[in-house]
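Below you'll find the structures, each written out as structure tokens.
The following pair of complexes shares a single chain, chain A, combined with chain B in the former and chain C in the latter.
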Partner chain A sequence: MTTTELAQTCVTLPQQTIPWTLTAVAPIHHGSGTAGNTALLRTQEIVLPDGTQTAVPFVSGNSIRHAIRDALAWRLVRTLGVAEGGLTKGAVDLLWSGGALTKTGSQVELDQARRWTELVPALGLLGYSAQSDIVTGALRADNLNLICVENRWRLPAYLAEHPHAGLPAGRFRGEVFGTRHDVAGTGVDILVASGMVQPTSTQMIYEHQVLLPGAALWGGLYLDAATPTAQDALHAALTDITAAGTVQVGAKRSAGFGTCLATFPAGGIDPAAAARHTAHLQAHGDAILAAIGEATA
Partner chain B sequence: MTLVQPGTIRDTVSDGGWAPLQITVTLDEPLVGDLSRPITGDGALAWCAYLEHTHAHGTAHLPPMRPARSALDFDLGLATWTRDPTGPVIDDDALGADGKAWGFACSHHHPVPAALTAVAVRRKPADGPMVRYTRERRHHLGAGPHKARDTIHPAAWIGDITWHAVGDPDRVSSLLTRLTHIGRLGRHGYGRVARVLVVRGGERDAWRDRTLPAAAGTVDGIRAPYHHQTRQMPCRPAS
Partner chain C sequence: MSTSTDTPPDLSDADLADLAVDVLDAVLSSASTDVIGVSHWWDRATSALVSAAAAGTYWPRVMSTLAAKLQIDTYGERDSRALLALGARLSDPAVLGRWSYIAQRDAPYIVAMCRIRRADRTATRTAATKKDAG
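Presenting the complex of A and B:
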């Protein structure tokens, strides 16, 4: 893809707003430190309209951005049939974590950045670091804030009448526990070599503060001057992360936490975007892999 | 046309076509940034005008910013002031008509924190994909460019941001519909703009609470992009 071709794809770069609301159908744990063996919920300290302060749980926009980056990275390696062991550490880091500065220099390689962001739409959408440049992406992801009375002053108009808008945040907080199972005293013990001494016990209860199922959060995704390929990338990622009919946020997802129903009150995902995104990846596969290699060389 | 032609700007602060304006911006997420610096109204409007321009023409339409050449100026719907330059002129294109330094008639806001807080931005290492897609033997989480990070940024809840200006309320209101966030980490949801109110009225001279060229002053910016060296000269700060 040449620079001239790229310029032709950049005719108009609209701003897009995609508000969304997530209702938890499983406990959500988005953690920030521990107290004893309890993992604490991440909270945001806020100032209420009367000047008093409080703290309300939230899910960071940073983690939403990572979910989108992760979805696009997996789509890329699957679509291009990347062989296992076929990437460098820097390439994996670029695709899944946004890359890193690896060189010094004060000259921004504009044409190079233009080419990379257009060839690898995830980079244009989310931004990246490579060589000596930090390049901003087109996507802004809101923190997902809890619908509760403490946040009532900043609720968007379409949620003003939500039944949770008059309830305190504490109503939606809870704690769950898990158990690390101890095999001592079970039939598994017979597999332990004779003569070995078992530790007294490895049993452990661990606890998580959570947002309870039924809690609702809202936020928005915004595109500032995104190219058509970056727009398609966002919708492709949203297609992937909502493919099961739900979306997962926060931690402990493999243990069943964080599942939410997502609604898009202003219209949702462009159903054709994922196919366009995949077609772009297929059409430029070799150039995409070359660009990733170049960026992480 | 949204771009200002170099060398055409004159002092229009007293022109009757412009109205005194009071602009109020309310944030509903903490502001991440340097609280010792004022928040510039014309800086925010210039960003909005840039977005308006790219919406219509794409980014490929604009030339890159260069250090020794004047940066582009957009029409912000504000009156303009002029003064004699108080520092060396790097590029005549940065000046208005008659070789005057110029800027927009819009005050600066000094943020007063209602509460100080902090926000964390995490960088999750891609251990799983590295296991699968690389042949590396190990990955150090605490060193090197690919390490895990949890970066804490100081942030603050601030009251309403207020700017006083002289300008066209319709143009200013139209531009400010594009104002989505103020400060750093906007792409992570911080500094989000909840409401913008543009009201006609107030003292006509209130815009003067801003940096203006002054020979005995300290070097500061006179208009957006404030960091650009063609915008910097000795100034007296806002009060």
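Presenting the complex of A and C:
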């Protein structure tokens, strides 16, 4: 593609904004260290319009990007029928974590980068590091911010009248506890080697700060000059991560946390994009795997 | 808005941190080392302060969260009166919101100051007891 042709193509690439709102139907824990036996909720310090400071919980845009990257990686390997042991560690890192720099140098091989990002849409969508290049993706993902009075000054207009917009963030925070169960003193003791003194119990209670079910968060996904394949990739990923009718964010998802209802006030997901994305993967399977191999060689 | 005021606040950030030390001191006086143990006493105090402050939209909830986190079934009478008085100073939602923010943000400092205060008080009492005995 010549520079002129590329410029013409770029002119046709639209900017796309996908606002979304998530309402927790299970507690959300997005962690940031501990205090004692309590895992703390991640918070963002903000300055209010009157100059005072406060801190509000949020879910990072980085974790949303990871959810999208994870969905696209699984869709790729499933569509291409990648067998157990079929990927190098570098390939797995590229697909699930965005790769790593493995060579020195400062020259970006544009043609090669364009070919990889077009063949592997997730790379064009989310960006990646490979060989000596760091390539920016087309997607920008907002943090998911809590709808609360402290955030009222930055709420989008469509949420200005949300019933939570006048309530303090603390109203949506709580704690839940879990127990690591120690089977000592139960019938399982019969399996423990004889002659051994039972050590101190390992039973313990742990606690997590959470956003309570019912809390609502908002954010946005933005595409800058995304190619059609990258646009389809985003919509395919959103299709996958909302396939159950809910979306999961934050940590402890395997233990009942993080489930949210997602709404897309501006229309949301293109229902045909996932099929187009899959068709692209099927049509270029060998070339895709070869490109991944090149990028991680 | 719960964490801002239109007029300059009467209580400075340092005042609010001192109030948090007072609160924690009173709460710990109702807690028991037999229940939560000596080795995790200050970890648990930090955790309780941070958790209670995070829930800090309503003083009764702050006090109740502190009690739950430190396994206090009932506050002693003297500590209850102290906490009631402290809560009165934090009755304005905007002030309570600022207190909550500072108590979370500066929890390690607040716990350290409380620890020093309680250690000094114990030392003073011990010295007085020895003096009386002598």
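Just so we're on the same page, the second predicted complex is superposed on the first by the 286 of 297 C-alpha atoms of A that agree within 3 Å, B and C clash if a C-alpha of one lies under 4 Å from a C-alpha of the other, contacts with A are read in each partner's own complex, and residues count from 1 in each chain.
Here, a residue touches a chain if its C-beta (ideal position, glycine included) is under 8 Å from a C-beta of that chain, and two chains touch if they have at least 3 such contacts.
Since the model is a prediction, treat every value here as computed from it, not as a measurement.
Undergrad: Both complexes share chain A, so when I overlay them there, do chain B and chain C fit or clash?
TA: Aligned on chain A, chain B and chain C fit with no clash.
Undergrad: Pick one for A:N62: touches chain B only (first), chain C only (second), both, or neither.
TA: Once the two structures are laid over each other on A, A:N62 reaches chain B alone.
Undergrad: Touching A:T88, do we find chain B (first), chain C (second), both, or neither?
TA: first
Undergrad: Of chain B and chain C, which one touches more of chain A's residues?
TA: B
Undergrad: In the superposed arrangement, does A:G174 touch chain B (first), chain C (second), both or neither?
TA: second
Undergrad: Angle at the Cα centre of chain A spanned by the Cα centres of chain C and chain B: state it in steps of 10 degrees.
TA: 90
Undergrad: Kindly classify A:Y206 by the partners it touches after superposition: chain B alone (first), chain C alone (second), both, or neither?
TA: neither
Undergrad: Between chain B (first) and chain C (second), which, if any, makes contact with A:G98: first, second, both or neither?
TA: first
Undergrad: Touching A:Q53 in the superposition: chain B (first), chain C (second), both, neither?
TA: both
Undergrad: Touching A:T136 in the superposition: chain B (first), chain C (second), both, neither?
TA: Once the two structures are laid over each other on A, A:T136 reaches chain B alone.
Undergrad: Check the superposed model and tell me the shortest C-alpha distance between chain B and chain C, rounded to whole Å.
TA: It comes out at 12 Å between the closest C-alpha atoms.
Undergrad: Across the two complexes, find the residues of chain A that touch chain B and also touch chain C.
TA: Residues 45, 53, which sit in both footprints.
Undergrad: Please output the residues of chain A touching chain C within their complex, sorted ascending.
TA: 34-38, 40-41, 43, 45, 48-50, 52-55, 149-150, 152, 168, 170-171, 173-175, 207, 209
Undergrad: Report the residues of chain C in contact with chain A in the complex, numbered from low to high.
TA: 1-6, 40, 43-48, 50-51, 54-57, 65, 69, 93, 97-98, 100-101, 104-105, 107
Undergrad: Report the residues of chain B in contact with chain A in the complex, numbered from low to high.
TA: 28-30, 51, 54-60, 64, 114-115, 117, 120-126, 129-130, 132-136, 139, 145-146, 157, 178, 180-181, 186-190, 192, 194
Undergrad: For chain A, which residues count as touching chain B in their complex?
TA: Those in contact with chain B are residues 6-7, 10-15, 32, 42, 44-47, 51, 53, 60-63, 65-66, 73, 77, 82, 84-93, 95-98, 100-102, 110, 114, 127, 136-137, 139-143, 153-154, 219, 222, 224-225.
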